[in-house]
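Order of writing sets the chain letters: A, B and C. Residues in each chain are counted from 1.
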Amino acid sequence: MKPSWPRSLLAHAVLCAASLVMLYPLLWMLASSFRPNSDIFTSISLWPDPFAPGAYRRGWSGLQVSFGTFFNNSLVIAVLAVIGNVTTCSLTAFAVTRLRFRGRDVFFALMLGTMMVPYQVTLIPQYILFLHLDWVNTALPLVVPKFLAVDAFFIFLLAQFFRGIPRELDEAAVMDGCSAWRIYWNIALPLALPALGTAAIFTFIFTWDDFFGPLVYLNDIETFTVQLGLRGFLDSSGTSDWGAMFAMAVLTLLPVLAFFLFFQRTLIQGIATTGLK
Amino acid sequence: MGTIEIGRRALLGTTAALIAARAQAQAATRLRLYWWGGVERAERTNKTAELYTKTHPSIAVAGETVGWGDYWTRLATQAAGRNMPDVVQMDYGYIFEYARRGGLLALDSYVGKELDLSGFDAASIDGGKVDGKIYGVSLGLNSTSIVYDRESFDALGLAPLAWPVTWEDFATRMAAATKALKKDGVWGSTDAGGSGPALEVWLRGRGKEMYTAEGKFGASAADMADWFAYWAEMRAIGACVPPEVQALDKLDVDTSVLTLGKALVGFANSNQLVGYQAVNKKKLDLAMYPATKGNPKSGQYLKPSQMLSIAATTRNKEEAVKLMSFFIADTEAGKLLGVERGIPASKKVREVIAPSLDAMATRMSSYIAEIAPVVSPLPPPPPKGAGEVLTLLLRTNETVGFKKATPAAAGSQFLKDATDIISRG
Amino acid sequence: MAGRPTARRRGIPAGYIFLLPWFLGFFGLTLGPALASLALSFTNYDLIGTPGWVGLANYVRILTADSKVAESVRVTLLYVALSVPFKLGFALAIAMILNRGIAGLPLYRALFYLPSLLGASVAIATLWRTVFSGDGLLNKVLLQFGIHGPSWVSDPDTAIYTLVALSVWQFGSPMIIFLAGLRQLPRDIYEAASLDGATPWYQFWRITTPLLTPVIFFNLVVQTIDAFKAFTPAFIISGGTGGPINATLFYTLYLYQEAFGYLRMGYAAALAWLLVIAIAGVTALAFLSARRWVHYEA
């Protein structure tokens, strides 16, 4: 159903106007990263004048550890988190939607329940737990939970998509003598590819943007993530280098944007897979 | 290929970092040093720590730092886990909370041995005491201070704010400044009605205390009503910014109405001059908070800011105290640290670094010297709940500013709420 | 009866094997801390000292004597009621437009996702102030139309709406989920409907919407839970104060202030568990109602 061209023009006009609102903050950040510190709080224009490019150099090597280290740390943590979340959350979601066993609904309710507890209060007991495991000051508290399906948001997300897969498919597979594993691997996963892509994108972005976890669990600057690094330029009680913060914030957006652009292809591939039916 | 290579190296690097932390702990006594601050402070602090480990090869110092806004959340979490860093930077507003709950080590038994306080006068040592025991030692002295746009003052032909300017006089001069500016959206002063330090100076000028020695709130409902009325009047005559502008100000450098270019005068601390100047184009200067008519003394006091304390849970008490002593009393350390955290409390260190100070540091230093004859002694320590009272003050002043309460009603409501907060602890 | 897989023959249902990671995570990492916080809600725990038992005192105070609780509940409910429908409506509308096979789809999708990439970056606080303050961008635009706007972000009557705007502006996540859902819809139904001469409007209401209900339901539940727990927008934009005059004091922001600002972790834990009960109640209602309007399977 290709729309006719006047309507498509209208759609483009609406989308372009909306994009402008979406884009303004990014352009403003970009402009701010080229502004002297004394201009950042008072200017709303998108054109830095005077033009001060020094912030990128100050930002990259201004802290005692190069910003590249933070990029590496964040990348390792985010990629591991994606792998962990996508595998274990899809296993869990598959089990609670496509398999039958005792206590299934209770487990699913418990999963949803964990989404409701504000992290501000479980933070301390969890910190003490990880401290006893001797994991504090390592990336383990940020990564291991992802391999144990603790992020119920993703379980719920994938569950909703698995539920949409017609039951006749499993039934046919069971008749053919397929194991649960093969139904999961050969039928459910390929059909839920857009959902898996979505889960991968979100996990990467949420992990990349996470600040609270790294703040509490990472002590040494060599282990810092980009979000901790960014805050390193700011001290609201004293001297901050906002220019450097904005410059690095712009760079920090690039990997997430790249990841997003790359993985959004899986969302498109969804068209092809539903064609299977 | 390149990206995979980086990823692998990073992964190995991260893994290595995890192992390294433990290996280090075995090789030497590893002390964790934790402070808040920006880039320059991190550089100076790390260099000082390096200098120490050079002369003490059996000690490894791991520096940990975050900005002020996140500092206390992380410290509280670590304290809950009995995993506080060995040496922590401490603030006057928090030392009582941590010391009274048993989070900090009492230092009295180390004085004269591991802890060198020979260059300190009694007043600055008292600033680190909680209930009679020393829990923190100051890295830098400062005091509350008006930070103002001296350049615009001069250009507009306004007299500089030289001590003493009474509160009444301050109102008139700020109203005049707003008029002289002839600019929409810029006013003479910040609305400091929600600022705890400003209220404290004002109360002490009246012979009251913010908190009594018994830990009660020290002002009456009438005092508070007067205070809120003073700022209501300031707003009415256009001497300070209106409430919707003041509400943008989170009482820190980056959001202050001075930085936003909405006012010429801000209420701050003397050691923040450098921070304010970095984000302001006009030349700034320091001045004392207004004076009370008929009182030759100011309610201001020399505040031991940016103290160092030792965690009660440290496993290396002596070594931690020694490291701390190096930071506060060693002249070589003093040279590296400069006056970035305030004027060194140790006279010895002050004398050594004086010749090397730049213009801004010299101004901070001369300000502390100027105010010394007129300041008052340290006030009694704040009780538990003092931090929450500050939030209450901010909110109550907003309530009056947005005309949701009269100054008189706000005064009695504030007293009731503050008393409730303090009794709850 | 679907899925009686082969593992069953060996006695352990396959489901339990699939759930193994989750069992480990739930019992090893999640349950303990959650129960610990429940236990702490009956104490006066202050993070540094040892907790002392106070019975129901925290709960009694919250429910009878704490005026800030009432204020923060009001703010939070207003935020939930406004941000969830607007955000979801916006996300669904844009997703529908993007799903029409428009040229440049990946570009638009990325553009619309941009604000969500920023997350809770500290840059947002500065940005929001430059856009929504008295002489900010919005008022400059409004002035072109002769309207003098208030200082949106710092006026107690309007501050909450700037936070709603922030939430709606970051509509990227539900949009992506809607898009993924739309992508999964079988195309042959539409082709058949088109052949039968169904109007696009009819297709939207009679085909798309029913088929999309599992995804709509998911977004609704997740966004509602998130809005109840919303913390970061108010935290960064009000600088942690919830001001002006508590106009943006979200429930979880108040909880955070109590826990980490004033070191009353026991009290904060009690606040948290009352929130859990409230959210669980709302979610249970949503699941009950889902039986009437959510259709699984094509």
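The rule we apply is simple: contacts are C-beta pairs under 8 Å (C-beta built on N, C-alpha and C of every residue); 3 or more make two chains touch, one makes a residue touch a chain.
Only a predicted model underlies this, so the values are computations on that prediction, with no experimental measurement involved.
Should one ask which of A-C and A-B has more C-beta pairs in contact, the pair is A-C. In this assembly, the chain whose C-alpha centre lies farthest from chain C is B. Work out the mean CA point of chain A and of chain B, and you get 37 Å between them.
Once the centre of each chain is set as its mean CA position, chain A and chain C turn out to be 15 Å apart.
Those residues of chain C in touch with two or more other chains are numbered 47, 126, 260, 265.
Within chain B, residues 69, 73, 77, 80, 250, 252, 254-255 each touch two or more of the remaining chains. Within chain A, the positions touching two or more other chains are listed as 40-41, 124, 231, 234, 242. Those residues of chain C whose C-beta lies close enough to touch chain A in the complex are 1-7, 13-16, 18-19, 21-22, 24-26, 28-30, 32-34, 36-37, 40, 47, 94, 97-98, 100-104, 106, 108-124, 126-127, 130-131, 136-137, 140, 169, 173, 176-177, 179-181, 183-188, 190, 194, 214-215, 217-218, 221-222, 225, 229, 231, 252, 255-256, 259-260, 265, 268-269, 272, 275-276, 279-280, 283, 296-298. For chain A in complex with chain B, the residues that touch the partner chain are 37-42, 62-64, 69, 72-73, 75-76, 79, 123-124, 127-128, 131, 136-140, 215-216, 219-223, 228, 231-242, 244. The residues of chain B lying in touch with chain C in their complex are 69, 72-73, 76-77, 79-80, 97-98, 101-103, 185, 243-248, 250, 252, 254-255, 385, 387-388, 391, 394-395, 398-399, 402, 404.
Residue ranges on chain C touching chain B, taken from their complex, read 46-49, 126, 129, 133-135, 150-151, 153-156, 159, 238-241, 243-246, 257, 260-263, 265. The residues of chain B lying in touch with chain A in their complex are 6-7, 9-11, 13-14, 17-18, 21, 32, 36-43, 46, 62-70, 73-74, 77, 80-81, 83, 85, 250, 252-255, 259-261, 271-272, 274-275, 278-281.
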